[in-house]
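One chain, chain A, appears in both complexes that follow, with chain B as partner in the first and chain C in the second.
Let's turn to the complex of A and B:
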């Protein structure tokens, strides 16, 4: 962590207190793990930060960990899905990741009140993983047709895709 | 059925069945839709260029499906795009032909294992000519268009249309395989 990232994390810790579960650094950069319910507060605090305002939400992605421990033999993750918010500060050229874990069927709070770019990113996560976002203005599928019934990036989805007969013909 | 060109005292004239004359005109004005979904579209554009000059056969691209005779499925087709392609096909006037260009339009090709890719254009359109290749060279596409020409040449189009007209069906134009999209 460089000085800027350290000071941002310090300010975030003082603003949110115990809602921050972990701060770690890996190949991506600095990742701040928070409770799912604390995601809007975190985003708001980072967006309105005085010295490094995170004014760009570059991406929202998710990871399905349901086969993690059986495939790798490592200890099971805290929940089924992890949600990542990729935040960037254009003025301070600093990147920060927000991580939140959630179970299947649990709805995540939408980031659209804070970042307009969260609209399509959350629709992508909804389309690929079936994670719902409460408070999203227009939560529809974005890549797949509206009558597609599956979530293609979930681990139980067959690798070759579903039967082509599912495509509406004529 | 091919008309013969004769030389008369006041210029040339063609003799043959009206079907053949019509087909002669049709096969030399084969307009294709300027439409591509992936990298095959680059080869499609190249085919229209000066090297394999399809204009010498009367094949020019049109920018609207209402003026096009041939739909070239140039590229990977995703499920969402398939319904749009179907819409384009439905807007084309009869008689219309479809060319599946390249591996993706034939079978799904390289992206066959994707959840989003249609495994072949013939799943939702009546394909006349399949062209292998990834992507096919402009010469191959040109050959495919010439195969469509040969198909047109043998087609008793007028007889088919007249037969439909004489039967009880209200529509004089054949409409099989072109049900409107929901």
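Let's turn to the complex of A and C:
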């Protein structure tokens, strides 16, 4: 972590206290793991940060870890899904990732009050993983048809797709 | 207020018709959408009262496909993201892979990647600018831009063998070195034409009254809103925010290059148009500088885990043959548990790849941060309350590439 990232993380820790579970670095840069319920507070704190305002929410994405320990032999992750918020500060040219874990069926708080880009990004996550976002103004499927029953990026969805005959017929 | 004279029944009916809202479907197969996307408009007369968008007509499930393809095969997935500036996607994908594998690319490969990326960027901007003019009703600039795009595609074909789906990068470098005569062709045929076409566009359009009326103040967005919508690239720079991944986080050889980041003032269609024009000039400058500094040497990293052995070894030694077989049939394996994100400046903005590795030759999860997706999400905000005729002008100036929208 460089000096700028360290000071951002320090300020975040003092603002959120025990809600921050972990801070680590990997191939993405600095990743801050928070409780799922603390995501809105974290985003708000980072967006209104005085010296490095993270005003660009570049992306929201999820990973389905349900096949992880089976494929790698590593210990199972804390929950089924992880959500990643890719934040960037244009003025300070600093990137930060927020990570939050959730189980299947659990709803995540929406980031739409803070970033307009969260609208479509969360719709994609909802469409592809079936993760609901509470407080989202318009949570519809974005890519797949409305009567499509599956969430294609879940690991149990077959890579070759489903048989067209499985589609509900009108 | 009542009309001074009682209106005829026919007149009343006409007024009722105007007051009635009309639903208009624009797309998914309309020539001015430049791709398969659907815009559902609620019109009051010719004014757009409500705008809703529907995408997904070109959704191919690339992120799911990537989970079944090796790291070298996935370059074909990146080909189909932004099909107008394919080489930049190739670089973006393999740059993320190289970060995952911990490989440094040799200098000649980084310079060649820089040159080819900029040629692809110019081609992409031409695909945006020409049809943008046609949609507004100016046909002449289209022929200049399309000719330049043709020259750019000829050059890409000369190097990579393909006009659009180049698939030319590999983990650790390039599929091959540039053929002899590449530098001369770029310098003699291409670069003078770039400057000439940009000057033509400037002189044809920048002071043209009709063009100004159709584009100035049309589809404008403020800096704060553009950032909030996740805009990047020329569209964001047209709003006055000088964010360019090539400068903010220099990759390839951009750190050694001297170039400007053009920014607009009002964030409208006019600014987006001329930011792209100026960017093409800067791309030409980058290509000139990259050729003057182009080093000699190999175009692939000296790393036996990922790079194919020399042909002499393959045909001469059993170890070389096995090595070749392993890389071709199974592909390189990434370290287990590694996650990485890397982004490049695509023609439309920040193009980022997230890879989660499970230690096999295929990604556990691949995610694309595509610039078009976020740019297009602001369309209802840009056109609501404006005339229907502004819609094609705005959509074309955003350079919506359906392949990047849908993944």
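FYI, the second predicted complex is superposed on the first by the 165 of 170 C-alpha atoms of A that agree within 3 Å, B and C clash if a C-alpha of one lies under 4 Å from a C-alpha of the other, contacts with A are read in each partner's own complex, and residues count from 1 in each chain.
FYI, a residue touches a chain if its C-beta (ideal position, glycine included) is under 8 Å from a C-beta of that chain, and two chains touch if they have at least 3 such contacts.
Computed from a predicted model, the values in this text were never measured in an experiment.
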item: Contacts of A:157 with chain B and chain C, given as first, second, both or neither; value: both
item: Chain A residues touched - chain C or chain B, whichever exceeds; value: C
item: First, second, both or neither for A:148, with chain B first and chain C second; value: first
item: Which superposed partner A:120 touches (first chain B, second chain C, both, neither); value: second
item: First (chain B), second (chain C), both or neither touched by A:24; value: neither
item: Set intersection of chain A contacts, chain C complex versus chain B complex; value: 143-145, 152, 157, 159, 161
item: Chain C residues touching chain A - in the complex, by the definition given at the top; value: 55-56, 59, 61, 63-65, 67-68, 99-100, 224-225, 227-230, 232, 241, 243, 248-249, 336-342, 350, 352, 354, 356, 358-360, 364-365, 367, 369, 373-374, 377-378, 381, 406-407
item: Chain A partner contacts - residues on chain B that touch it in the complex; value: 79-80, 82-83, 112-120, 123-124, 179, 182
item: Residue ranges of chain A in contact with chain C within the complex; value: 26-29, 55-59, 61, 63-64, 68, 71-72, 74, 84, 86, 90, 93, 95, 97, 115-117, 119-121, 128, 142-145, 152-153, 157, 159, 161
item: Residues of chain A that touch chain B when the two form their complex; value: 143-145, 148, 150, 152, 157, 159-162, 164, 167-170
